[in-house]
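Consider the two complexes below, in which chain A is the common component and chain B and chain C are the respective partners.
== the complex of A and B ==
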């Protein structure tokens, strides 16, 4: 047996001073052979990130090593001097979860990678270093790497930046790469590409990887062996497939059980009939922002954030709007809430144009449509008691009787599962899940008909998400609510929604019922999204077949024709000339792609739109 | 391309600002009480003569007409002639009304061009002293937040900000010129005369620079790229010198743009105390003598300098930090 590349022996790390210290890593031992790719998964707070930092000798106060050792090729890295450790950085590298903050914003990306290479590899000439960096930037498929070398971090998207940091980590040909939640900030299609690249490169460079992730399916994509952490200890270690098939430790079993299945389970939400009342209807709604051009003399660029969106939401729907960052879903949310007025088109709420509402009518509309925000921490005022937070909307909507207000608030708190004792408490001590319940209660207190959930669940862990989804479904039955979920999380959508709109670059590409969308998607982009989803199941769609390399084009410069053609493996000649419009596939299912053949074969674009409005 | 666009846009804005400043100054000077002709011709001059001189000089025309005439000259680079100063540089003010030297009154532009280099020299020396001193104190403080260098920086800036400059000027002159005889203090006969006033101004300028440096350096040291840089294998010295200071200098630079402008204003008292023949002294005398063309000229030139400095500062800041958009 070969000597392990990395070995941790009873490593204990604590936070805080000796008296009141909290143990973060509790006597962790593990070993990693050269060229091994090992995953570490665990819930938030289980000590994964501290483990990844401890391995690269990056423990900052209040964290401190208590006992144990971290052996890299047999040498304890905590017993080394600063200079030795620095030269060892050539062999151990690290990529973190925050690509945007990792480099100095005022210097070009390439220059900083060259600087690092020359700092840790003695005697490399600037020319050689530059050549190597450009070569690697090419290898991670950064388009026109030679030019991008001179771009600044702010000119890179999150996905590009994460690729650049992988280059930064691999440029010195390290023996060990520690990857801490590298895909967390990325969209699924980009994350899938990044993982694929990382695997390719580490294989060709013979690099071992310690892959830390909060998501079991992501770790499964990347690793052959997985360690499970819980409460600062390593509780289970198995090969990836065995771990998923036969988890032993209770936490692991829970983790595997809670990981959502997309295709393995029937939809939780049966398709509803299409003769229900339309409560919210978008007619060709577009939103265009003007931004000043930096170069050139004056003039503005037009950001077409939402483009000709048309769909109906019916009473009782759980309508999902999904898409990756920059697809316009947040702008659409602002339009739906009438925080902004569309630059063209209409939004009708019960056949009334919401742009025309004023005064009392607007207040009544706000009472009917409420929203729940994404960030459970930023969205609650920290110095206002929970009771007061929930009373405020009622007061705004002209409730005056104190006793009735209190009654109403307590009733809503009960419905969302908040104990009545919290009435006088400040939100400071609440968990993210409880805070999100306060947010839901604040929206529900006015007895709205429509709730808009803007990434409401994305800040919560899996177990808490499930509980809230159950709560939403219970409330929906009770009060005949209509939900609009804005989300990037397809697993959540599969579980909670009956109807889904897929957006890309401001356009709706596909609109279909849950079952149809996940089992028979009409648009190649939907297939790409599904193929990129991390899941524990056998995939229905293979990412290699569904998605070309690259990232969405900038909304400043949307290509003619179909805006997806730059990444679509099925792009044809026609796609660069004619923009496909939503075409009917079946009663309620539409997709905007030239490959779709309408069932009656008579459905030209106008007919498709007409069908939609009628249905 | 960006630089050209930037300069064109900002210079056009600057020209507008200067025009508005001169309009404002021009109007204000003419509505305040005090007749310059009375001062020029002397208290004994007959009323009719004063009216004649005033009409000859166009001072009885409507303000708009006067301003139009004036700005026409400014565009051609002619800031007019001083009301009171003769070109030969002899006595100021006119004690007698049968003034024979009227044709040789000094050009405003040449008066300013004489004084301006002196003030710019003073300002430059001040900046060098202030930057070196605050750089050492402020960067050391920012790198050791909560420890003694930080506290020292705080004490120094607190003391400096509470010293009035006229008092400090007199004390320093007393100490270094009168008692120790190391540095000259009054007037100007060589570079050494710049040092004492520059120290006084630097003491006034330093506290703001020190506080800005302490906070921006310490803020940069908590940025993720510093910690990540360490893990990427960059040494602490390299991270500080190449990255943290580079980022921290952007707020300092913006501050300097404003401070340099107020420095030009702040020299008035200090130049007066040290009898330093710069723009400040010229301004005081011009105001005391109701020398309208000179006051206007100084206002236009100083506002032009303000505008230029801020354009330069913004341009340098954008080359340092590409995210900035001006």
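== the complex of A and C ==
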């Protein structure tokens, strides 16, 4: 057997001073062979990030190594002097989870990578370093790498930035790459590209990867072998498939069991009939922002954030709006809850245009439609007690009787599972899950009919998400609520929603019932999303067939024709000329693609619109 | 799944059902600084309120026989009748200082209130609404900043009679831009927060958001810093008094007592010093109270409640 590239022997890392030190890593041992990709999976707080930093000799106070050794090619990196360690930095690289914060915003990206290369590899001329960086930028498929070399970090998108950082790590041809949660901030399709890229790089650059991730499905995509961490210890190590089939340790079993399945389970939400009352209806709603041009004098760019969105939400629906970042979800959310008025089109709530509401009517609308916000920390005023936070909407809605207000608040707190003792507490000590419950309670306290969930669950861990989804379903039954989930997490959508709208660049690409969307998607973009989604199951859609390289075009200049054609594997000539409109596939299912042939086979798009109106 | 038990997170809170404000006050009241400050303040307040009346000494009554008496135990002709000595025309320094403290304190507090009211209102409006409103208000602030306070005071008080309300208005009007700027910048960052959006969706109007959500959150730190300005305003009033534009004699204020005492600094230092001593005591007590309240507020809001 060959000597392992990296070996950890009983590594123990503690935080704080000797007397009251807290053990973060507890005798961790692992080994990594050259060209291996090994995953490290664990809940937040299990010591993953500390492990990844310990491996690259980057422990900062109060963290300190207690005992054990980190052997890199047989040599203990903690026993090395500064100069030796510096030359070793050529061979060990690190990529972190926060690509946007990792580079200096005042210097061009390429220059910074060249600088790093010249710092760790002595004797490289600037010209050689530049050539190498451009080569690598090309290799990670950054389009027109030579020009991009001189761009500043703010001109890179999140996915491109993460790839630039991978270049930064690979530029010295390292033997070991430590990737700490690299895909976490990225959209699924971009994350899938990055993982695919890393796998290719291991073979073409002879690099071993220690892939640290908080998500088991993501690690499964990337790794051949997975270590599970729990409370600072490595509790299980198996090859990926075995780990998923036969998890041994209780925490791993729980992890595998809780990971949502998309195709393996029947939908929890049966499709509902379409004769229910329409509570919210969008008619060609569009929102255009004017952005002042940076170059030249005057003039504005038009950002078409939401384009001609038309759909109906019926009473009792759990309607999901999914899409990647920048697809217009958040703008749509602002339109729906009337924080902004659409620049054209209408939004009807019970046949009333919400843009026309004023005074009393507006207040009544606010009482009917409420929203639960995304960020559990920013969405609660920090210095107001929880009781007061929940009383506030009631007071706004002209409740005057103190006793009744208190009763109502306590009742809602009970319903969402908040203990009554929290009434006089500040939101400070609360966990993210509890804060999100306060958010839900604040929305529920007015007894609304429609509840918009703006990425409500994305900040929570898996277990907490499940509890909240259960809570939502219970509340829905009890109060006949209508939910609109805005999300990028397809697994959550599969579990919680009965109807799904897929958005891309401000347009609705597909609108279908849960079952139909996941099993028989009509639009190539939906397929791409499904194929890119990390899951523990056998995929129905293979990323190789469904997903092309590249990122969504900028909303500043949306191409003519179909806006997805730059990434669509099935793009045809027609796609660059004619913009497809939502076409009926079946009674309630629509997709905007030229490949869809409506059941009437007339090919007449007007029919689709008529059906939309009727439904 | 049982939902009520699902929230069983690690809440280590005691079932403390006191309101937040109450907890902050209790916490502050338990510190020695607060108690010392409060007791000095209470003693001074009682003294200013009661002593001039009880002792029935007229602060403007002259007594040429007892002029320039030193304070207790100093020199050789001090007397119990005048614990802090007398001035150049035999007026009792203690009564004059206490009455002066009344006026000075009134002017200091009132002008800070005027300043806060104008500055915070304009700053909050500018920061919250932004755009053109912001531009107009901020240019106004710049214009105000470019007028030196003394010139404004001389032109206003020189033309009209320097009455106490006029002095308060002049002091307040010439110092609000600082508060406008502070409030504007914090409101601007705060109004983009998600909880403001939540309040909007809850149906709150802009006025409601500003008054019930933003001001209670942002005003306390500003109030604590403005306590220092009470001192500054009292000193400014002295400056005006020194220029002859302050409260007119014979009404004693710190400004005109000090202005009078200036000529006697060498042979009767106490005339100019006593008002300063009272000023110092008052400000120390206010600052002690303010600082412990601020600290208590930070611990309670920072979660470090023990």
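In this section, the second predicted complex is superposed on the first by the 614 of 615 C-alpha atoms of A that agree within 3 Å, B and C clash if a C-alpha of one lies under 4 Å from a C-alpha of the other, contacts with A are read in each partner's own complex, and residues count from 1 in each chain.
As a working rule, a residue touches a chain if its C-beta (ideal position, glycine included) is under 8 Å from a C-beta of that chain, and two chains touch if they have at least 3 such contacts.
Because the structure is a prediction, the values reported are computed rather than measured.
Enquirer: Tell me which partner touches more residues of chain A in the superposed arrangement, chain B or chain C.
Expert: Residues of chain A touched, chain B against chain C: more for C.
Enquirer: In the overlaid three-chain picture, which partner chain does A:152 touch, first (chain B) or second (chain C), both, or neither?
Expert: Only chain B is touched by A:152; chain C is not.
Enquirer: Which holds for A:287: it touches chain B only (first), chain C only (second), both, or neither?
Expert: It touches nothing on chain B or chain C.
Enquirer: Figure out whether A:579 sits in contact with chain B (first) or chain C (second), or with both, or with neither.
Expert: Once the two structures are laid over each other on A, A:579 reaches no partner at all.
Enquirer: According to the stated criteria, A:120 is in contact with first (chain B), second (chain C), both, or neither; which is it?
Expert: first
Enquirer: Using the touch definition from the top, say if A:363 reaches chain B (first), chain C (second), both or neither.
Expert: second
Enquirer: Under the stated touch criterion, which partner chain does A:498 make contact with: chain B (first), chain C (second), both, or neither?
Expert: In the superposition, A:498 touches no partner, neither chain B nor chain C.
Enquirer: Figure out whether A:330 sits in contact with chain B (first) or chain C (second), or with both, or with neither.
Expert: A:330 sits against neither chain B nor chain C.
Enquirer: Touch test for A:470: chain B only (first), chain C only (second), both, or neither?
Expert: A:470 sits against chain C, while chain B stays out of touch.
Enquirer: Per the definitions at the top, what is the overlap between the chain A residues touching chain B and those touching chain C?
Expert: none
Enquirer: Would you pull the chain C residues touching chain A in the complex into a rising list?
Expert: Interface residues on the chain C side: 1, 3-7, 9-13, 15-20, 193-195, 197-204, 208, 212-213, 216-217, 300-303.
Enquirer: Inside the complex, what are the residues of chain A that reach chain B?
Expert: Listed in rising order, the residues of chain A that touch chain B are 56, 58, 60, 86-87, 89-90, 93-94, 96, 98, 101-107, 115-116, 119-120, 152, 154-155, 168, 172, 292, 294-297.
Enquirer: Spell out the part of chain A that touches chain C in their complex, as residue ranges.
Expert: Chain A residues touching chain C: 337, 339, 362-363, 366-367, 369-371, 373-375, 378-385, 392-393, 396-397, 414-419, 421-426, 428-431, 433-434, 437, 439, 442, 446, 467, 470-471, 474.
Enquirer: Within their complex, state which residues of chain B touch chain A.
Expert: Contacts found on chain B: 1-2, 5, 8-9, 223-225, 227-235, 238, 242-243, 246-247, 250, 320-323, 325.
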